[in-house]
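Worksheet: one structure, shown below.
Chain lettering (A, B, C, D and E) follows the sequence in which the chains are written, and residue indices restart at 1 in each chain.
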Amino acid sequence: MGFFLETLFGGLMAGMLYSLIALGFVLIYKASGVFNFAQGAMVLFAALAMSRFAEWIPQWLGFESLLLANLLAFIAAMALMVVLAWAIERLCLSKLVNQEGITLLMATLGIAYFLDGFGQTLFGSDIYNINVGMPKDPAFILEGMFEGGVMISKEDLVAAVIAALLVVVLALFFQKTKTGRALRAVADDHQAAQSIGIPLNKIWVIVWSVAGFAALVAGIIWGSKLGVQFTLSLVALKALPVVILGGLTSVPGAIIGGLIIGVGEKLSEIYIGPMLGGGIEIWFAYVLALGFLLVRPQGLFGEKIIDRV
Amino acid sequence: QEQFIPLLSYRTGAYAPNGIPWANGKQDYVKYINANGGINGVKIAFEECETGYATDKGVECYERLKGKGAAVFDPQATGITFALTDKAPVDKIPLITLGYGLAASQDGGVFKWNFPLMGSYWTAADILVQHLGTKEGGLDKLKGKKIALVYHDSPFGKEPIPALKKRAEMHGFDLQLLPVTAPGVEQKATWLQVRRDRPDYVLLWGWGVMNSTALKEAIATGFPREKLFGVWWAGAEPDVKDVGANAKGYSALALNPNGTEYPLIQDILKKVHDANQGSGPRDEVGSVLYTRGMLISMLSVEAIRTAQEKFGKGKVMTGEQVRWGFENLNIDDKRLEELGVKGVIRPIKTTCEDHMGSSWARIHTWDGSKWVMGADWYQADKSVLDPMVKEAADRYAAEKQIKRRDASDCNA
Amino acid sequence: MLYRENGQFKTSYAADQQIFPIFQERWAMALLLLVAFVVLPLVGSEYWFRAILIPFLILSLAALGLNILVGYCGQISLGTGAFMAVGAYAAYNFMVRIDGMPLIVAMLLGGLSATVIGVLFGIPSLRIKGLYLAVATLAAQFFTDWAFLRIGWFTNNSSSGSVSMARLDVFGLPIESPVTKYLFVLTVVCVFALMAKNLVRSAVGRQWMAIRDMDVAAAVIGIRPMYAKLSAFAVSSFIVGVAGVLWAFIHLGAWEPAAFSIDRSFQLLFMVIIGGLGSISGAFLGAAFIVLLPLALDQVPHLLGIPLSTATITHLVHMIFGALIVFFLIVEPHGLAKLWSVGKQKLRLWPFPH
Amino acid sequence: MTDMNSAAAATPSGRRQGEVILDLQNISLRFGGVKALTDISFNIREHEIRSIIGPNGAGKSSMLNVINGVYHPQEGRILYRGEERRRLEPYMAARQGIARTFQNIALFKGMSVLDNIMTGRNLKMKSNIFQQALYWGAAQQEEIAHREKVEEVIDFLEIQNVRKTPVGQLPYGLQKRVELGRALAAEPSLLLLDEPMAGMNVEEKQDMCRFILDVNDQFGTTIVLIEHDMGVVMDISDRVVVLDYGKKIGDGAPDEVRNNEDVISAYLGTSH
Amino acid sequence: MSAPNLLLNVNGIEVIYNHVALVLKGVSLQVPEGGIVAILGGNGAGKTTTLRAISNLLKGERGEVTKGLIEYRGERVEALSPSDLVRRGVVQVMEGRHCFAHLTIEENLLAGAYTRSNKGEIAANLDKVYTYFPRLKTRRTSQAAYTSGGEQQMCAIGRALMSNPNMVLLDEPSMGLAPQIVEEVFEIVKDLNAKEKVSFLLAEQNTMVALRYADFGYIVENGRIVMEGAASELSNNEDVKEFYLGLSGEGRKSFREIKHYRRRKRWLS
């Protein structure tokens, strides 16, 4: 039982970490109907910026404080992400207004390639670390109830809390503000949105900046977990079943989807895996998502897919 | 007249942090040889080709560079090795897979063109088990123990399993297999299982990000690092660098030590780096993977040298001649000393049957900031592995309808 | 002046329905085939065959298969690698388990096995649409990756999970040398391209496109969504499976599941999109773009003698390649095939601008 | 609006009204809380032109969707040629000879005009996928035979010059015509038209009317027509149903309907 | 039309789609301050294209204005973005409705007020639209995709009005609307025009109504203006009568009596 709980918690935490990345996808999909293939590259880019700036800035300015270094690096990295968002809008999206989702998907692939090359040229392709003082040791709870207690990774717990906060803020942003509504309008019909005066360029810069912010947060958390290196961009793949299960358009869906996938994946690996020789979690996540989709084809919280004649 | 050596490498992609020092080591040694006037006067031309660890890109590199008179290929990736193993005999170019590749390819009778010098995953597995036995105070003490293998779910990670199974059978320990899906960024379930089953030892068969992630998960689940042992591809600086002090106590196999104190490295620093010819940053020289890359080039050069002894000093060797060189390497202590690597590796002597040349390795341990070499040398147990190698090679030969080489072919 | 259809009147519908109704195009095609079948084998180098033409052709074939599913029937698939793998491993098993199995038969059986798996994973498409469907095909992708690693039977119990295939022959002719391999692949690709073209200009093809463009309306005019979607999955995975066999047998020779990883699936999808969804020539153009362009870019610094480290070159290639993707999409969002046809249209009007 | 009295009242002639082919009994359709149709009954006779009119949101399009199986009413019976129809999918309706056009154009955007219309003949094509892959013999002949039929439709609708244009690039009115063509190509016995003349000027409407009347005349096709142009409706229909807020408020020959009090107040307005 | 109160001036524009299809071949037209101007013409004549050129929505269709100029209140506007134009008061109601499918009717309308920030004003506008179209009020919580064609058309018009425009480009406002709603829409046009001095440029197929409410009309055929004049003049023109109003000689002809071969308009040479 104690172990089951451990697995469960482990799954929940892992799920929250996936959600963090999934959020980036959802944001951009919501705002432009584009599946952003470059999200992984953005996570890597942001994390690289963060870790390298944290290393460089103290050298440039000649101080030692880790906290200050991290703070300045965060600001610098965020600024870089905003510039990036602006450049993407200017050079790419603004020229592809009103094109189909698939074309834009392809464009984001181009962006992904570019960022991969650009990020590594600027910041190097070795392994770097981000030290924001995440606790590394495990914590044990319920020691009275189970022998040895139930282990929880403190690092994951911190990450989960951050992810949850981010989601709440973003969900409110989308539901309650004028910009939120405008975003949904843009996703439905670029041209009609333009026709009533919604400035696509501004909206896109905002959204890509916010997605850049989400990527930065995800990059910091995953980066301090895995080390900052190219593989970070592949973590996005883990977020795929999460976004799809939660619904491509739903911010809270990203969290719920993450939790379901996280838990399902861990439980299956541990309880079913050994029977099949192990290593099943990755496809199990997809099969799980598929199962849910058969019941709700638009994902758990996604907007209903409209087909009407 | 230049001898051409293609350098397949990956400085980008998922495995770049490991690939970069490796590639730099390979290149620096070649430059060093040229700085010394070449091999008996024959300078080496080289060209690097980026594979990104991808098989099809590797094949493209191979096809492109083989046409330039390549003397030897080090594919630097298991997948590429598999794809090239069939092509090399046709093109008559030897493949050197130092410490990786197919375990069975040690058998020169079937794998005429493959040279898994200094060790395969079977020897690695065997040595690790021996080490655990030593720790426990005898291999027989392993009985009833539980040993888990956390491995990269790919041919690379699966290779050691038969050897481990064999040993498990011999000594009566329990082998638990825990695959990790590539690239290995998510291992929570694996380590929860470790935590539940509390194995006595965990063997780590990872590459790239999988290693540091495994260490971090081990820390997060409180698995003692002292009981964690990696293969030699899980025992370099990038694997532990960003875990730092937390990884203290973790040990891994070492085909070679790290450090800059021995003469060869000093010489390279002097002749290559001081001449601003260094392929990478100076402080990376002497790191584990750099040194391994350097050794790979060194052995290639030695093979060419050996070939020249037979086919003509100061001439450019063909792939076929270099192959002969690889098959007749005899790097004894004296030669090691001349090369400036005495004590770094053990003597290597290859034959027609044995393409590995040496199956010795040591264990080094991370002390929180650097790798510290253990004193004991281990040799894989021939009596255990040789029959396995032969069987596997025969099977391969049957599948491919290859005839075993006979003595005449060996002497040719 | 050279490229005009003026004065080329069709007197029968059969003539109007030719694949290349304009005779200049017919000539161009004949010339292309002549070059491919006769000139290249005479002048091509081994590197060209092995490292460029063969992989290019095989990936074009896979892209062609995928284009039927994505471009013509509108069902997104991220599991192409899986279907290639099924083809490859199935054919491998037919070859090693049945004595004297001819290569061509094994190849077709491999394709058929891929068809079965493709249709199986296509069933959710009856309910799940658009990007959401990607989940089903991704499930196929990761499941097959896993299965071919884990289940020893598929690899004939090879201890490492890697298998190989050598000594191929067709009707007694060995397929060993680069040229024979190239000609074999080229023939297969041509045959399949022709059949695919025939399909997409016939009733089935129109059914696929109708489902793609608007499935409700398609159903209203009597197209059974199930039949149309599953037949697209079937045909597509058959072709993809055959491409998988070629990739494994002819190009790699020895392979592990990683040869058909998710990266391959993405790569093929990109080829199809950048080449042009719903176009046969698009598959070839897309493959050329995605496979050949990076190779070419890679060579540029060498040719110019600019000393750059391989890492820098690779990063630059990535950046330029990414920028080119965006550039071409901006010029023509519907892919290279469309760009080509717009180009032809302009040529037709030339020298008048409109 | 248009002056209707001047139109020669085309009274329904016996010749044009055959057997009842479609009988709708007590149909009710709800979407959650929205009652799109409430207890509606009416029938359609063979060879007639039957119009459905009513204000926006009255449930006209929903009625067509019920007839060809896109929507499934919660209550009511549908008899087609005397047989009761159980839950039926749209493609089965097509097999029974029901074709339609849509209010919001539903053409296949990525295909040319020719291909769009060819899809209409889909049900009549018999060759299998293997024959089609080879494009040899039977498959090719079939393709040509159907192409001939389609060309007839193209000629009939006078869209020869845009044959090979992708439909997405056509102006709205021509798209509507192509959609009609696609429905006609199926040689349906019952043709459902949802506002085929929206967005056309008088001249084009006249063309369209001519097409509809010709189809009705030459092939004896039964036609159900939704249209907001009262001039057209009153001129060419044999019988008219009037819906309002999902309820039926009138049914009969154009003249009867025109003078029905309920209809005037709900739809036509007093000015007519 | 005298220059001082000229609101919109389109001068000799050419439009090309996809770099190949030349669709407008020099169209010039003017809308005076407070005017209602109609563009008439058959299918494919280029009405929609003209409106898109003015509102700058061509880019999304891969079209571009290659010649000529467009001025709004004397300012060149070709380079402005559609949203800049909306801020200057020019809003277009697109052909074919284009409601935001996933948004409810009310959200659609509120989205239309994106450029407005005064809450009171937005609420008042919303009220105004609901009084114009009571049907929308009853359906306000449905997603736009699930409303009937006519309801969507009302939504599209209402949405444009939410931005308090000075000039509305109406593309086929009557399409799909029931006759009495058509009348109402034009009454609204007239009302706004009279009370709030909103100018209108409308592309319309329903010539009869359009000419009844417009002051001035242009007839476009094949990308060229072939006739222009005051609305009353146009409605008395014989050709217009026959081809656009369906009137010939002694009044309207029944649709049933249409001849199979008719004379085609022949203004183009």
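The definition used in the following text is that contacts are C-beta pairs under 8 Å (C-beta built on N, C-alpha and C of every residue); 3 or more make two chains touch, one makes a residue touch a chain.
Source: prediction; values computed, not measured.
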Steps needed, at minimum, to go from chain A to chain B via contacts: 1
A-C against B-C, pair bridged by the larger set of C-beta contacts: A-C
Inter-centroid spacing, chain E versus chain C (mean Cα positions, whole Å): 47
Centroid distance [mean C-alpha coordinates] between chain E and chain A, Å: 44
Averaged-CA centre spacing for the pair chain D and chain B, given as whole angstrom: 74
Chain D-chain E separation of Cα centroids, rounded to whole Å: 28
Sequence positions of chain A contacting 2 or more other chains: 120, 125, 277-279, 282, 308-309
Multi-chain contact residues (two or more partners), chain C: 146, 149-150, 214, 216-217, 220, 311, 314-315, 318, 333
Interface hub residues of chain E, defined as touching at least two other chains: 21, 146
In the complex with chain C, residue positions of chain B that touch it: 9, 11-12, 16, 20, 48-50, 52, 54-56, 59-60, 62-64, 67, 78-79, 82-83, 85-87, 90, 102, 153-156, 158-159, 161-162, 179, 181-182, 392, 399-401
Complex interface listing, chain E residues touching chain A: 55, 57, 59-61, 81-87, 91-94, 98-103, 107-108, 110-112, 114-115, 143, 145-146, 159-160, 162-163
For the chain C and chain B complex, residues of the former touching the latter: 45-47, 50-52, 55, 96, 146, 149-150, 156, 159-162, 164, 166-167, 176, 251-259, 263, 295, 298, 309-311, 313-315, 318
Residue ranges of chain D in contact with chain C within the complex: 68, 70, 89-91, 93-95, 99-100, 102, 106-111, 115, 118-120, 122-123, 125, 127, 129, 132-135, 139-140, 143-144, 147-148, 151, 182-183, 186
Of all residues in chain D, those that touch chain E in their complex: 1-3, 6-8, 10, 31, 34, 54-58, 61, 103-105, 169-174, 195, 198-207, 209-210, 213, 228-232, 235-236, 267-269, 271-272
